[in-house]
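The same chain A turns up in both complexes below, where it pairs with chain B and then with chain C.
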Partner chain A sequence: MKREPFFWITISCGLVIMAFILLPLIQMMSAPSVGMLKETIHDKDVLRSIRLSIYTAGLAALISFVLGTPLAYLLARSAFRGKRLVESIIDLPIAIPHPVVGIAILSVAGKNHWIGQILSELGIRIMGSVTGIVTVLTFVGLPFYLNATKTGFEVISPRLEKVSRSLGASMSSTFFRITFPLAWRSMLIGLIMCCARAISEFGAVVIVAYHPMIAPVMIYERFEAYGLKYSQPVAVWLVSISLILFLLLRILTLHKVKEE
Partner chain B sequence: MITIRELNIDLQEFHLRNINLDIAENEFFILMGPTGAGKTMLLEAIAGLIPLMSGKILIGEREITKLSPEKRGIGIVYQDYALFPHLTVLENITYGLHFHRIDKTHAEKRLDRLLEVLNLFGLKQRFPVNLSGGEKQRVALARALMVEPKVLLLDEPLSALDPNFREEVRGALKRLHQSSTTTFLMVTHDFAEVLSLAGRAAVMNNGRIEQIGKIEEIFKKPRSRFVADFVGMKNLFRAEFRETRALVSNLEIELGIEPINSHGYIAIRPEDIVISREAFSSSMRNLFPGSVTTIIDQGFCYEVHVQSGEVSFKSLITKSSLIELELRETTEVFISFKATAIHSF
Partner chain C sequence: MKSYRWLKASMLVLAIFMVGLLVCPQAGWTQEKLVLSTGSPYELGLIDAIAMPFEAKYNCKVDVVKAGSGKAIKLLSSGKVDVIMVHAKKAEEKLVKDGYGVNRRLVAHNDFVIAGPKKDPAKIKGSKDATEAYKRIGRSKSLFFSRGDNSGTHKKEMSIWKKAGIKPKGKWYRTTGKFMGATLKEASQGQGYFMTDRSTYIYLSKEIDLDILFEGDPSLVNHYHAIAVNPVRYPERNYELAVNFIGFITSPAGQKIIRDYGKKEFDKSLYFADAIPSIQASGKPTGTVIIFNAGSLTIPLAKMEKVFEARYPKVDIIREAAGSRKCARKITDLKKPCDIMASADYTVIDQLLIPTYADWNIRFATNRLVLCYTNKSKYAKEINAENWYEILLRKGVVWGHSDPNLDPCGYRSVMVLQLAEKYYEKPGLFEKLIANRPKENIRPKSVELVSLLQTGNMDYAWEYRSVAVQHELKFVELPDQINLGNYNYDAFYKKAVVKVTGKKPGTFLNKKGKSCTYGITLLKNAPNTQAATAFLQYMLDDQGGLKILKEMGQPPFIPCRVPTEAMRSSLPKPLQNLVEVKD
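And then the complex of A and B:
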């Protein structure tokens, strides 16, 4: 069979995009020598920053999970006036330039704002603290969790829940016995995406908290102070560790699917 | 058993208006009507799954209007089965037991009986994805009946099945109804199901109930033009009544009885209209000459349209009659029907 030119266009565009994404990454990953990589990972500052990155991104995902799940369910299941508005508001953090996110958060957390005053009375500091980093990461990661989870709920037929109710299950029993077991995979994908987004955040964090240093800030600092060669090893470690984490999660979930 | 009074619902673009319905205990009651008539909505309202605007629903003496769905004791079976995909057949069927206090040995006996009646023994450990349509619907039925609901609502339970499965599940439905005390309320538009399962039925249109009555009554004596049309009274004519005769444009049709009104409609089922090449000499029949205008192949039978004067009659005949009568378009024929086959309203 003779392929049409359109087929070759789709293939070549695909190849260009693959190369565009992979080439720089591969180049960066293979640039530092093994010795340099070893040396970097023994650097306490680097280790601490990577650990902080994973910890704060994980916390952001956890907060998104706790706060976002009920809202995602509500949006998937009910039609109400202003639903489109709520959905657009949820997507706002995706569209806002990252430094603006940081500035926006600081403007309510500052002493001139009543929220900031309450926080300072409670002894909670946003500027230059882990709390601040987690706040920012939650802000940017939440939409990813919400949207994935909402889609997950939407594909479950409401009739399953209706039948469950008719069989005597309360709303909460129905959620835990029917909805959650069918939606957890989407929720997990949402969590991974939220985490990925949070771990890669730089612009917003650097405004709110330059210190304690998360990995992207550390990479930026090394680049500024010592140049490309010294920032690469840290980047390699960050990318590798996040990739391993996500791969692990993916494998775990795929494994479960096969069991079922 | 089920009493519905002045029920009204508004849900987005759908609505139900002034629904009044009484269904007796252990009755097999059918709701008919075109798509969008509000049948599913009425079922879901009875089950407590959508909010009412006004009205009352009672099961026996107990008002359940404000009760949450899990407290009503009403089972529901949907056209698309709605089996829980992450649970096995057995887990699906016994799902409701988590929320009911049913004696264990009693529950086991009931499970065995349902598995037997619905022929599900071999499928217990399968997941829904590995079941055929008929098997899925049998599981859905077993699941709903496992908790011994007072009322079972069935939303077109057979319409998604292949014809051979349909008959099988229909048979199971009939046996289950006869052997239980549960009241069955089923939505369908298949007349074969209506005739073989139900005693009484209601016809719905546009959010209202058009007619409630015995099946026989609905098919033979439709009370409105809509119902007549819906149940297949394809010969439906506006008529003026003079004593025992109906005038339909230039035809005088003998009714045998004298209608109350001076004008209205007459309806004749197409299978009650006989086509012949010769004129019968029976005084009992209405007999008119005409010519065939259209012949429509309907599979097992043919719908033949005969123009007599300004009136077009539709008759249903078998393929062998069609061949025997050598009917073609423009063939000159006679049509005849008994006065008792005519329904006037």
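And then the complex of A and C:
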């Protein structure tokens, strides 16, 4: 069978993109020696920072899940004046330069702002704390969760919900028994996206919290203090661990699909 | 390769033969002859490249007597040759003083490097100077080759052994009595060390199996001078042609031949042409100049950039600010192109860039530490130079400094605290202060603390005075004994010692207190040396950049300083008059 030229164009573009993404990554992943990698993973500071990265990113995803799901549902189901505006506001954190995010959060959290004053009276500290890191990560990760989940809700036909309601189910029980089981996969994808975005954040975090160090900040610190040679192994570990985590999540979800 | 060279050579012979056939009958066989003596420049083919156009221009023939500097000088003083090209400063000066040589002119330079087996058995890599490298070779009794022919190279070698305090004798020390190239080849076969000039190394790089293991010591630079015979002493010699030859090799055309020689075949010039300062050679500077600078220099440099670009509209200055060590890392690890690097701690340039990436380091300004705050800081109304440490000890006061491992301002802030304990005679003050400064209050760069102050996330921050002035912050000035700004107190500053991370995680080194001194250098492989030199010329002038520094709260050194005369002479010519030698 003779293929059309278009087919070859798609193939070659695909190859170029694969090479573009993979080549630099492979180069970085293969740069450190095995010995260095071993040494690095036995370094308590490195382990702690990777753990903190996963923990804070997970927390950010959880917060996005709890706060974001109702809003995503609202946006998917109802039309109201100003909906477009709300949607563009949700997308804002994607467009703002990362350090600006950090500065913006700090300027609200400082004593020069009434919110900062309330926070300090409550004993909550944003600068240099895990709270601060989670705040930043949620800020940058939220849009990814919201958008994925909203799309997930939109593809579920409202008729199903209407049937449920007409049979006497309440709005909340309709959501939990009809909508949620159908949309959970896109919500999971949203969570992964949100998590992935959060785990990779550096610019905003380093402004809000240098210590305690998350992994990207540690990579930066290692680079500045010791050079490329000692920052690469940390990067390799962060990338591999997050890759494994995300792969696991994806495999789990795919597995379920087949069972169904 | 070999056959290619043969082909080239035979074609050359043929061409010369044919030109000779054409020219000689007309010239009536009265062609003049110039006798030149030199070593490596002839061995490496540079003289051939120069002689051809010279012979054509003056209708003459150049005869070369291959001899090392020592022998060449003897040949000239005994009237055997017309002109020499040598590198043996003291002997040359004596030759001129004693009236044997005249018209001594600087032509070009190259430098010595120590080549050795890839495994580097004596571990000379990373030696701080040539003497240390020699010491390591001598002590480990690693195989070392010497020409032993009293040439310039051999003399240089012996002077370094003398400095190193080692008598080069024994099985490990092998004398060849041969020329540079032959000895280098022997060293390669025997896998031993040899100090060769870089040009020969490049020329033979394909045939030898040795690496350059040490380079960059400013005392290893070879300046080649051309010297003509004294016509009063030896009237029979061809003085006129000798002077014409010196004129030719120091002319723009001759210098271009030198500059380009080797570029085609080896991708590198074998010699650096020196006779004409580069700025005059190619007119007004143009293009971009990339400056990596310490964060605390950002604002004064921005102002200098404006003034300079107004003066040189064709130059575009690009600045990248980061911690001083990071700036150096960008050069050494990331190999980012850069022309000028300005560090808030001049020792960063000494430690990380010299000798591989830079040759010299000019100290140009000072600074001192102050404690910054704003109107809204806690106890802002109370604080002064007497009670500042009491306020920093109070509960609920948030204060911080930058990371001692990344930013010189960071370890200096810690030093101020240590010095305060000694100066105010309050034992335990330092520990107590640090206990009231949680780790979270540390930032990578000191400038980042400014935004924490301004947003009210922090009450007090340690900064350089210049940063405080430039950001219009309020600040407490501390006594000279502890503010690290007055080098007359260096002996006291030295008592402060801060442990910072070393070259590898888990290793540490101690930083001793020292007055804040800024250093600047021009990178060896700067993409735009010419414009960068012009910028430095403006920047280090007391009516130019230094004046701006002064206005911005950063006391400059007028004039700027370098530690040794040797370093001063390695500066680009236009900068040499702007600095003084002061340790």
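In this text, the second predicted complex is superposed on the first by the 253 of 260 C-alpha atoms of A that agree within 3 Å, B and C clash if a C-alpha of one lies under 4 Å from a C-alpha of the other, contacts with A are read in each partner's own complex, and residues count from 1 in each chain.
The criterion applied here is as follows: a residue touches a chain if its C-beta (ideal position, glycine included) is under 8 Å from a C-beta of that chain, and two chains touch if they have at least 3 such contacts.
Not measured: the values here are computed from a predicted model.
In the model built by aligning both structures on chain A, chain B fits alongside chain C without clashing.
By the document's definition of touching, neither partner reaches A:196: not chain B, not chain C. Of the two partner chains, chain B is the only one touched by A:79; chain C is not.
Once chain A of one complex is fitted onto chain A of the other, the partner contacts of A:36 are absent, as it touches neither chain B nor chain C. Contact comparison for chain A: of chain B and chain C, C touches the greater number of residues. In the superposition on chain A, contact of A:128 is made with chain C only, not with chain B.
When the two complexes are overlaid on their common chain A, residue A:168 makes contact with chain B while staying clear of chain C.
When the two structures are aligned on the shared chain, A:113 is found in touch with chain C, with no touch to chain B.
Applying the stated contact rule after C-alpha superposition, one finds that A:241 touches neither chain B nor chain C. Contacts of A:228 after superposition: chain C is touched, whereas chain B is not reached.
The superposed arrangement places chain B and chain C with a least CA-CA distance of 47 Å. Residues of chain A that touch chain B in their complex: 79, 157, 159-160, 162-170, 173, 177-178, 181-182, 260. Within the complex formed with chain A, the residues of chain C that make contact are 323, 325-326, 329, 332-334, 376, 403, 405-406, 438-444, 448, 451-452, 454-458, 501, 503-506. Interface residues of chain A facing chain C in the complex, by the touch rule stated above, are 43, 45, 103, 106-107, 109-113, 116, 125-129, 206-207, 209-212, 220-230. By the touch criterion stated above, chain B contacts chain A in their complex at residues 12, 44, 47-49, 68-70, 72, 74-76, 78, 80, 82, 84-86, 95-96, 98-100, 127, 140, 143-144, 147, 149.
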